[in-house]
Amino acid sequence: MSFLQLRGVEKIFGDHKVIKGVNLDIEKNEFIVFVGPSGCGKSTLLRMIAGLESIDGGSLHVDGRDITHLPSSQRELAMVFQSYALYPHMTVYDNMSFALKLAKVPADEIRRKVEDAADKLNLTPYLKRTPKELSGGQRQRVAIGRAIVRAPKIFLFDEPLSNLDAALRGQTRVEISKLHRALGVTTIYVTHDQVEAMTLADRVVVLRDGMVEQVGAPLELYDKPANQFVAQFIGMPSMNIVKAAQLSQFGALAGQAANRVPADGLIGVRPEGVRVLPVGSAGVPGKVELIEALGADTLIHVDVMGTPMISRQAERTHLHIGDPVSLEFDLNTLHGFDKAGRMVSLA
Amino acid sequence: MSFLQLRGVEKIFGDHKVIKGVNLDIEKNEFIVFVGPSGCGKSTLLRMIAGLESIDGGSLHVDGRDITHLPSSQRELAMVFQSYALYPHMTVYDNMSFALKLAKVPADEIRRKVEDAADKLNLTPYLKRTPKELSGGQRQRVAIGRAIVRAPKIFLFDEPLSNLDAALRGQTRVEISKLHRALGVTTIYVTHDQVEAMTLADRVVVLRDGMVEQVGAPLELYDKPANQFVAQFIGMPSMNIVKAAQLSQFGALAGQAANRVPADGLIGVRPEGVRVLPVGSAGVPGKVELIEALGADTLIHVDVMGTPMISRQAERTHLHIGDPVSLEFDLNTLHGFDKAGRMVSLA
Amino acid sequence: MSRFLPRALMAPSIVTLFLWMIVPLVMTLYFSVIHYNLMQPGETGFVGLENFHYFITDPDFWPSVMHTIQLLGSVIVITVVLGVGLALLVNEPFPGQGIVRVLLISPFFVMPTVNALLWKHMMMNPIYGVLAHVWQFFGLTPIDWMTDYPLLSVIVMLSWQWLPFACLIFITSLQSLDREQMDAAGMDGATRFDKFWYLVLPHMGRSIAVVVMIEMIFLLSVFAEIFTTTGGGPGNDSTNLAFLIFKQALMNFDVGVASAGALFAVILANIAAVFLIRMVGKNLD
Amino acid sequence: ATDLVIATVNNGHMITMQKLTKFFEAANPDVKVKWVTLEEGVLRQRVTTDIATKGGQFDVMTIGLYEAPIWSKKGWLAPINTDAAYDVDDLLPAIRSGLSQDGKLYAAPFYGESSMTMYRADLVKAAGLTMPANPTWTDMANIVAKIHDPAKGVYGLCLRGKPGWGDNMAFLTTMVNTYGGQWFDMAWKPQIDSKPWHDAISQYVDLMKKYGPPGASANSFNENLALFNEGKCGVWIDATIAASFVSDPKQSKVADKVAFTQAPTAVTPKGANWLWSWNLAVPASSKKPELAQKFITWATSKDYVNLVAKEEGWIAVPTGTRKSTYANADFQKVAKFAPEELKAINSANPTDSTLPKSPYVGVQFASIPEFQAIGIAVGQQMSAALSGKVTVDAALKTSQTAAEREMTKGGYYKK
Amino acid sequence: MLKKKPFPIVRTLSAWGVALLLFFPLFWLGITAFKTEAQAIAAQLFFTPTLASFVEVQERSNYLLFARNSLITSLGSTIIGLLIAIPAAYSMAFFPTKKTRDILMWMLSTKMMPAVGALVPVYVMAQTAGMLDSLPALVIVFTLSNLPIMVWMLYSAFKEVPKDILEAVRLDGATVWEEFRWVILPLTMGGIASTGLLCLVLSWNEAFWALNLTSANAGTLASLIASYSSPEGLFWAKLSAASLMAIAPIIVFGWFSQKQLVQGLTFGAVK
């Protein structure tokens, strides 16, 4: 039996259901990442697991024990709140040591743990400050620090790195990953950052509008999205989608997919599967709409007779907006969907 | 004369200087992005421009007028706060319409503008809610909405998209960009997201520890970083750095750089300039440390006799941790730095 | 915001209060060094510090200072401690919460005189009082409150009156406590007591400071309740400084000595205030 | 219409006067009478403050027998000019002399009182005793001991205990007087540590401790009246005015069981009954002296007594001021306490109320400005002694010191 | 908060218990007012109510005049007080200087002189100004003596407003008045209401000045009580009736404003 079991979990705010029957099994020591559009219910679900929101339907078991109605103080969790929820009148040190102090951990051990965490989070110079004297990112790090000094049964992280710069985010991500491996604590992690989701997760849970769309290993979701929503949600920029009805304009693409995808279905192709060639080359003709040079990559937005396509390439481009181009597609990584958005095998 | 001029601007909190003499000229209609490590002073600088923090040294001019000590209510700015700062007692609609109401904009125009903004930000269903009934991302969008309904002289955004999912972030980014083009309002934008910085900015300002490290167009920073800090800060994952002293181990790399970089200098090479080849190929030998499959890209961390190198490639890999590999470098995109980290031309 | 506006906004309060303070103060200073008995108003004359001498050497003086401090201390402690407790008790919803809150704050609306009469006659009277009946019901000899525990009786009355005030302020303050912080503390393993001690109490710091200061000011000058109930007795057992001054001014009509006493009270109040500011002051910003 | 502002005490007779003002207003249509009714202590504070600072808030003031001579001596009061109809000679002499200065009347007595003993005839009889016409304190001690029965809710003796010169000290001064004591000797030296004081106070404390009700040290007239009306007191010695209340069946459960006699005596009958009156006076600073005079003479006239009798009955007329009232047959019929009251009042002489000669005027007080402070301070000590907080000796000693202090401050003699 | 928590029975019972206990004296006062004098003293719980005491009180004194005076003076002083105190507290809370705390202390210290000590000076002042026994005099005195307390309470209420909300409103281009009207006022309604109520109650119940500065025209209900406090005999029922009439308006008002009073800041949008 799995460690954490959610069975038909529901949450109702006022008169709308925000979590609509979530079933989920999480194994001991697993690292689970929740992703989903803003407002889909990630925080709510996390807070329900934490016992901060009542569970209006269904049940929640940890280790076989029904904890649906257990108060959060008895659940042995550590959580990083999306809004931080720091104690405003305590210093950074006190914020981080609070839980340990309550647990009657010896003073020198507390000091060691807190200083250790502060060091990892680059917070050492700020230990004596109160939250209001910190920058946004520093506050967020205190929130993380407050959670990681503890050794709970379950770690809950709600967008913990959103306010950190790329370098620090990478560094902290590595620390969280290390911590997870070292302590082997079951961890649930909410993020909007695809890199975090892909690199940290054992399994990713894609939520949409209070329901689970797909659960799977990161690359599984990327390569075999269960439906159009997941396909478009995972991967940045989003997967290009072409209506089967318009496929006739897409040359080779049409040939590959035509017989498998229903006439009212869709074909998806990832931006890295789209190559922009000089005009006149064999391929589908289009016009450059926008060019975004990201440094390492370049995103080229091309309009193919009304259908927008994005190509991502590693090289810089000399094209300009309005230039006519030809598009070539990588036919091995196409995705097919039926009218309802469900995946259709193209193999 | 430029529109917004910062001259030796300083800020002191207690007994440490947080902003250490910033000089900056911003033209009318420019889109400026501030980037920098967490805690480097981005928010503080923004808040000084907004008049929310006193300016302890230097001066601030807008349109030739000294506004160093002008109260913020008279500066005609709109700002998205890092902490949102929504009015807790007002509905989303009221939050967004408040400034317009104060400006005595006719009621129907207010309605139109707010509904328009809400629509762009996917907030329409939430107009009647109060902030505490919203998810984190929804709150952030309200904060954005509150700013963009107005037509100020200057827009200030402090990490406005940090809590949005990738799709929504892309979409909102486009809206902000459109808005900027449509209104032509000078905009200052703080972000940790490299994609935002690269795609939105006319010029990027890299801050570090209260000082400006470099100002320039996005690709300029990427291609010609003024120093090691900027080089490593811009680009994700960070640029690989090799000490000149260790160059002997790096074969071709050594040959290219040896005569230009001082003996105590450094050589930098971007991850996309590092190619991982099967062991035995011509190249520098190393060992795989970690593999991160991000979907479209794969990051391979390789250890070259104690120096960590990251390679980024568009293809999936079959390598495993511990596998010995050979590395090859793109010699055209090397960066050289002297001992102090200043850029050295390799051309 | 220019520097002018904040000052302009404060000016009306400061100017009026200054006048309100300075004129009586100067007159009181003047009265305190002359002989001035309302029964013999013509016979004034400069007497130097004699009035102070008489006030301070009054055998009731030191006891009254002690009583003032006891009264102040007990009522403040009782109202703050119970006030915090009650505020916590009624803060979270339960059936009839609104009515309970209304009942709790009601005693505050009672006039001091009515309060005193109510307690003296209807509650604490050893023969007819409700408390006497309760005592008798349990087969006990009713307590003769005003005689045997005069100061305690006054403390009870004043606490009854000021508890709702403290309670009201604390309830308001509790409303602005951030729920997420409490949640966070819960997850940190904080018990109810921990939450109270480490979060709620610091959060209420400013309110407590305000309640303490305001009560101090009012309790320092309590005399109506004492006048109506115990008359400061038996002996001087319930005489406080304000009552002593009242006695000098309006029972002995000795304005000179009363003025000296009033000045002394100002000094004492300032000393108390400085102490309190030390204790609670940092909660103010 | 002209406003006439009258400050008065909230006693029953004054309330009646307030109600009957409409007759005065009817007779003087251009006058509107406004009442400020206050409790005794507060009234004294108000009028003293006002008259001393020349506030001029009141056109007519109700003042006591204590203030009248002090204020008139200072010229704060306007003399009362009386006509023949007013019949100044009808006023009881003891009271009149207390209110006059150099033959001129400075305040008109509205009602007067003395003190006497009220007791429960039924209980005394049940105990097989009789109350003498002029009881001594020894008699009294015997009687209260016998009728004291707290199990049945009856306490033998109710006396004033609440501190205050008009409260416990009014009674205690009469007791000291009859034990042969005085406040000051002819050199204005306080006599509180003398033997008569010691004897009187010891007796008082002893009796009250043994036979008094609980909480006695907070009781004054009102509290004792309530107790007596409830049937909880066997004997009560207090103001004669109480007589009409305790014999009023509407208020009193024991109206038919109460009897009256003179206040107890000990060494001397001198000063055993106090003398008090509430009087109406016009402050010298009044802006409407004629009108005020007019009202005062109306309210203290014989006609007014008759008016009250007509409107409220003879039982409600203000007593203690006029011989004619006591001579009235109708009055005698309803007021069975009247003879004792008149006797008590007549026996009181403010100018000669102590066995040794005294320099001050007043039976239960000394009419000097310093007396209030002294009376209050001593009253406090007495109530402390009564409650058992201090011994009688200690209380007297402290009192003596306080009185000496006050007199020194008042400049009566050098230390 | 878990919704399906067990019914908070212990809390409910204890809260009700304490509330009833604290309210009991008032309840007793209330019922005594409807008793006859004899019943009043006998401490009975069951009796046939009578309005006799109320009638008697109204007969003896013009209740409406006193009530009107109370209303005018307490409302007047509350309104004027708020008008003066709010700007001061606002300025001190939001534009603090090094002297702010000293000013606060000083304000409070103006209340440290016992009223009795200042009686003669104030009396003389009022008399010189020809304002004895006038409502304006009472309004002024009440306002001034409550002002420090009001500034203190308002200061503490304003201090609770999160700084960044203020910043947001300033950036939105609000004038000082708009900032106050639309953001600070709604956010601190609870504090302002408690302050107003406190001032109202203090003025309503103020007895010393109400008694000493008035005679026939400007007396308030608190001074009315003084004429019932110790008449000859303990007329408890009458006293209770007068007291009830004196405090009823303010209690009823307090009950109705209860909701506003306990309303604190509503947080949730501040990260």
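Worth a mention:
For reference, chains read A, B, C, D and E in written order, and residue numbers begin at 1 within each chain.
The rule is simple: a contact is a pair of C-beta atoms (placed from the backbone, for glycine too) under 8 Å apart; a residue touches a chain by one contact, two chains touch by 3 or more.
No experiment lies behind these values; they were computed from the predicted model shown.
With steps allowed only between chains in touch, the distance from chain B over to chain D comes to 2. Looking at which two chains touch through the most C-beta pairs, you get C-E. For chain A, the chain with the farthest CA centroid is D. Centroids of chain A and chain E (each the mean of its C-alpha atoms) stand 56 Å apart.
Separating the CA-averaged centres of chain C and chain E is a span of 15 Å. One finds 93 Å separating the Cα centroids of chain A and chain D. Centres computed as Cα averages put chain D at a distance of 39 Å from chain E.
Contact with two or more other chains is made by residues 71, 82-83 of chain B.
Multi-chain contact residues of chain E (touching two or more other chains): 1, 41, 119-120, 124, 226, 229, 234, 265-268, 271.
Looking at chain D, one finds that residues 41, 45, 49, 53, 226, 230 touch two or more other chains.
Those residues of chain D lying in contact with chain C across their complex are 41, 45, 48-49, 52-53, 70, 74, 162-164, 167, 213-218, 226-227, 230, 232, 369, 372-373, 376, 380-381, 383-384, 386-387, 389-390, 395, 398, 401-402, 405, 409. Listed in rising order, the residues of chain B touching chain A in the complex are 13, 35-39, 41-44, 82-83, 122, 133-138, 140-141, 158-159, 162-170, 192-195, 198-199, 218-219, 222, 232-238, 270-272, 292-296, 312, 314. Note for the complex: chain B touches chain E at residues 47, 50-52, 71-79, 81-89, 98-99, 102-103, 130-132, 139, 146, 150.
Residues of chain E that touch chain B in their complex: 162, 164-165, 167-175, 178-179, 182-183, 186-187, 265-271. Listed in rising order, the residues of chain E touching chain C in the complex are 1, 8, 11-12, 14-16, 18-20, 22-26, 28-29, 32, 41-43, 84-85, 87-88, 90-92, 95-97, 101, 103-105, 107-122, 124-125, 144-145, 147-149, 151-153, 155-157, 159-160, 176, 190-191, 194, 198, 201, 204-205, 207-208, 221-222, 225-226, 229, 234, 236, 239-240, 243, 246-247, 250-251, 254-255, 258-259, 261-268.
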